[in-house]
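Take a look at these structures.
One chain, chain A, links the two complexes that follow: it is found with chain B in the first and with chain C in the second.
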Partner chain A sequence: MSVVAEPNTMRLPEERTTGAMPGYHIAIFALLLGLALIAPFFLYPVFLMKVMCFALFACALNLLLGFGGLLSFGHAAFFGGAAYVSAHAAKVWGLTPEVAIILGTLSGALLGLVIGSFAIRRQGIYFAMVTLAFAQMVYFAALQMPFTGGEDGIQNVPRGDLFGVISLNSDMSLYFMVLAIVFGGLLAIYRIIHSPFGQVLKAIRENEPRAISLGYRVNNYKLTVFVLSAALAGLAGATKAIVFQLASLTDVHWSMSGEAVLMTLIGGMGTVFGPLVGAAIIVTMQNYLASLGAWVTIIQGFIFVIAVLLFREGVVGLIAKRLRRPL
Partner chain B sequence: MIDLLGIPPQALFGQLLLGLINGAFYAILSLGLAIIFGLLNIINFAHGAQYMLGALVSWMLLNYLGINYWWALLLVPIIVGFTGVVLERVLISRLYHLDHLYGLLLTFGLALIIQGFARNYYGISGLPYTIPSQLAGGQNLGFMFLPNYRGWVVVASLAVCITTWFVIEKTKLGAYLRAATENPSLVGAFGINVPRMITLTYGFGVALAAFAGVLAAPIYSVNPNMGADLIIVVFAVVVIGGMGSILGSILTGFGLGLVEGLTRVFYPEGSAVVIFVIMALVLLVKPAGLFGRTA
Partner chain C sequence: MGGKSDHDIILAAENLTKEFRGFVAVDGVNLSVRRGQIHALIGPNGAGKTTCFNLLTKFLQPTRGKITYAGKDITNLLSADIARLGLVRSFQISAVFPHLTALENVRIALQRKRGDSFDFWRSQKILSRFDNEALALLEEVGLAEFAHHEATELSYGRKRALEIATTLALNPDMLLLDEPMAGMAQADVERITALIKRISANRTILMVEHNLSVVATLSDTITVLARGKVLAEGDYATVSQDPRVVEAYIGAGHG
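Right, the complex of A and B next:
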């Protein structure tokens, strides 16, 4: 038995990486948008908004993990950090929601720049440990800093008026703003993955020494994708803070990073649509099992174990393999 | 009594002792992580949960079966280590041909399961475990008061660390282990059963964590979350020390415990994050870690 890892074990179906969006991807995006437009008339909008925020969060992590090959176990720092900033901006500074969300996103990017420039100095599992440790540092900061409200978090964040005009107090108007943000975020991620930049990322994931020998400044690419991923995670967290009118320690806790990893894993690492499915599955599960308390953690643990042992491609990854098309 | 730098010596040495004890736990846990990583190439995320399991099982032995601390010190590492052996055989061994990240994800899931069950059945308020009567009380050393039990923890963990170091660096068994870490297929070609060695190594690493858990039980109350936060600090310790050297892991563990204790005296607000700050500095200056070998 060999203990040496085979290269490319995270290999995915071959994908068309640049050029125009293939027709069936356009169809899937259109279908998703259509579903999302009618869904709030049948399902509880707040639940749907939760799914969408976590879907964007998981997609942001997937950009780093699935396409950059970098496992961050500290993405809660960007998600929760941005949630605090946008909640503070909306509540204390009285800014309109879109400005609060932009500020939150920028804070996620900034935090990503700082943590990322340390983390990319190590590879593989050390990278995961470093991101986890820094995220824990952010957690302690959130626990102690006065503006985060410690154990209470920032509560009763006003939803405010979009552009100072449209009131977001009705769930429906808020829903469509969240939909626009999340859908925009997804398209941005799609664009990043299928750009020349995304090609180089893939090359680095597959064979870093070769990418270096081809003359690519690998660390610049890694840092860039880390910052992009952190900014998008921040966008998700900032939006979530406005939707739930709350930023709390749960958002920055390591278990939140674990949830994002789990969503990405069961949806399908390195697929475009996988994290959406993963987020929908996990959030739905949490919703229905919320009354079971600690059992939710246990079930999530079992899902992790089963997914890693039997189900590494994830739901969408398996479908993509069956269809022989990248999804 | 004279003050050192404006700090009463009682407080200073008290915090240093506390730091040394935390350092002892960092050392034992990072040692276990390093040994497991050396041979299995996975980061055992369940290490914190297994440390908690060590404390919990010793509480269960005492309260359900009336087995005292000293027997627990012997039995718990064997019991928990055996669960580790089973986990390695049944689950972890299926992942060796895959990317290392999957091992991390699998053991993360295991940690969630173990902690979830403990929280479900034993709550989060913490279960008290009394100090064994032989180690109750303390010594007045003149400049500080040394509780006997805390002194014992430092001595016992040092003994375990040094024994482990000796076995790995100076015995034939350790030579096999180091050889298998370098090149498992070659060692296998010499007729040594490498898979069994891997299984036992994982079991041993887990047993070390459980041993630390037994030591910790009388100091901290037995709490399902006691390992979860600790393991993240231990990860930082491992990043600082690098996992290349056994002695390095031990020194880094104890050293960082002391640094944390000193921070608690001079700048209490920073004590929770000082190890992470040191990690950041080490990443800047010596990315491979203080004792690490560059890949």
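Right, the complex of A and C next:
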């Protein structure tokens, strides 16, 4: 093609480069918040809290996968590891829930720093394999170490009193704390994606050798996003442990990592809102189809195959493509 | 450092060698690039030109040899750190960030002025302070009207122009251009040739190029590589009449 021939190009809206949050994104966030505020009066709050925890977990994975271009198969290690730490802190140390959750989040970040430092030295499938291998180590540690309670996990974790004053024993007060955490987490992810850091991250994902040749030490950026993603996955896991009063081997099992990947792909990898939709779909299916037993997994697999064959961009990815706007 | 002539050398490679499992891609190459010149690296396919480039910018680690840039030994530096010293390379296939707008592409390079961009808690709105500078650079390569188009939508020639604008944003002392004209239509070749000539005013350029008329127009010095070794060196007139070059390059390639 020559410069003389005019290619079929499209001018993008100005807000795309200025980094201001576009109006329709603000509208979607407001709509989500509005729905979340009235939902517990119509639906079972514990179910909704489960959806929110998994939504945050999937969004954390999507930050790494969709915006960092790095596929981790080991995010259960951060989710479950943080769940154990937060459950232990609340139950054994008797700490208030918010402190337990913060400790859980920090443990996720720390674990992310260790695993990430090894994983980012490899690329593509090898990166995924390194994360999986480390996650399996965390799983076996959880199985063997005394503080995790082995097969039993840590049960009967007290929900405690928020800041030592507000009792979380009512599902409603707990619900609004979880909503604040998850919504805050989403806004944090949104900001990370739309920060100077996020811009470099995008460049690295799009063309890594070029980013290097412009003087960016790409491994430091990859490690940073890995740690951020691990911390947010930890936040989700730690919150989940308080909500269900339980941290167990399920949380660190490799299938938990798989579920986060599944939610991200179904909802739309690399979209802001996709993982929320993906998490809602998967958790709803698990909950309402639970009576079908093993069939849930088969139905999930079937939906996944359909999704990959028919709409690879995921539900939200597909809508975004139709609307020609990033969602 | 000996006399004045040594002082003029901005980039030097001594006995540069790269072996891949017994195959020697670059074999004891000595190369000196003078400050301010346009220096071309030519040779038939498989001569080791691109490997040489990858070694000089440390995208590959040399098996043996030493690389000096502006008097500093860079043999053991990271690629990103070499770029920070002002030695910036381009790639054979056009190296843009496809789903960033032209303006954003250039801004990624300008952003380096802030140092590292690890501030994930700030809004990218603060990057708009680089917009005017980015626009001026786009203007310079004739892309101002495409500032808000995604790079992937630009024509091939425009992508290469965008790549040059991005590279210029770093204001490097030396550019390594890997086949800047590869796959380009004639109209674009002339445009980019003029552009390279213009940006070479206060810079040093080392380029790999197959288009011999471009090489003849632009280069002050030409080094001919064949089978990983330096075959000849000199200006276009000298090199093009060297019988070994005619045999290895023109004879074999265009016989």
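Convention: the second predicted complex is superposed on the first by the 310 of 327 C-alpha atoms of A that agree within 3 Å, B and C clash if a C-alpha of one lies under 4 Å from a C-alpha of the other, contacts with A are read in each partner's own complex, and residues count from 1 in each chain.
Note that a contact is a pair of C-beta atoms (placed from the backbone, for glycine too) under 8 Å apart; a residue touches a chain by one contact, two chains touch by 3 or more.
All values reported here derive from a predicted model rather than from experimental measurement.
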| item | value |
| --- | --- |
| First (chain B), second (chain C), both or neither touched by A:L103 | neither |
| Which superposed partner A:R122 touches (first chain B, second chain C, both, neither) | first |
| Which superposed partner A:L228 touches (first chain B, second chain C, both, neither) | second |
| Which superposed partner A:K202 touches (first chain B, second chain C, both, neither) | second |
| First (chain B), second (chain C), both or neither touched by A:Y216 | second |
| Doubly contacted chain A residues - partners chain C and chain B | 1-5, 9-10 |
| Interface residues, chain C side, partner chain A - complex | 57, 59, 78-81, 83-84, 88-91, 95-101, 103-104, 107-109, 111-112, 114, 116-128, 131, 146, 148-150, 153-158, 161, 166, 170, 185, 187-188, 191 |
| Residue numbers on chain B that touch chain A, as the complex places them | 37, 39-43, 91, 94-102, 104-106, 108-117, 119-120, 184-185, 188, 194-195, 198, 228-229, 232-233, 235-236, 238-239, 269, 272-273, 276-277, 279-280, 283-284, 287, 295 |
| Residues of chain A defined as touching chain B within the complex | 1-6, 9-10, 71, 73, 118, 121-126, 128-130, 132-134, 136-137, 140-141, 143-144, 254, 258, 261, 265, 293-298, 300-305, 307-309, 312 |
| Residue ranges of chain A in contact with chain C within the complex | 1-5, 7-14, 16-20, 191-192, 194-200, 202-203, 206-207, 209-218, 220-221, 224, 228 |
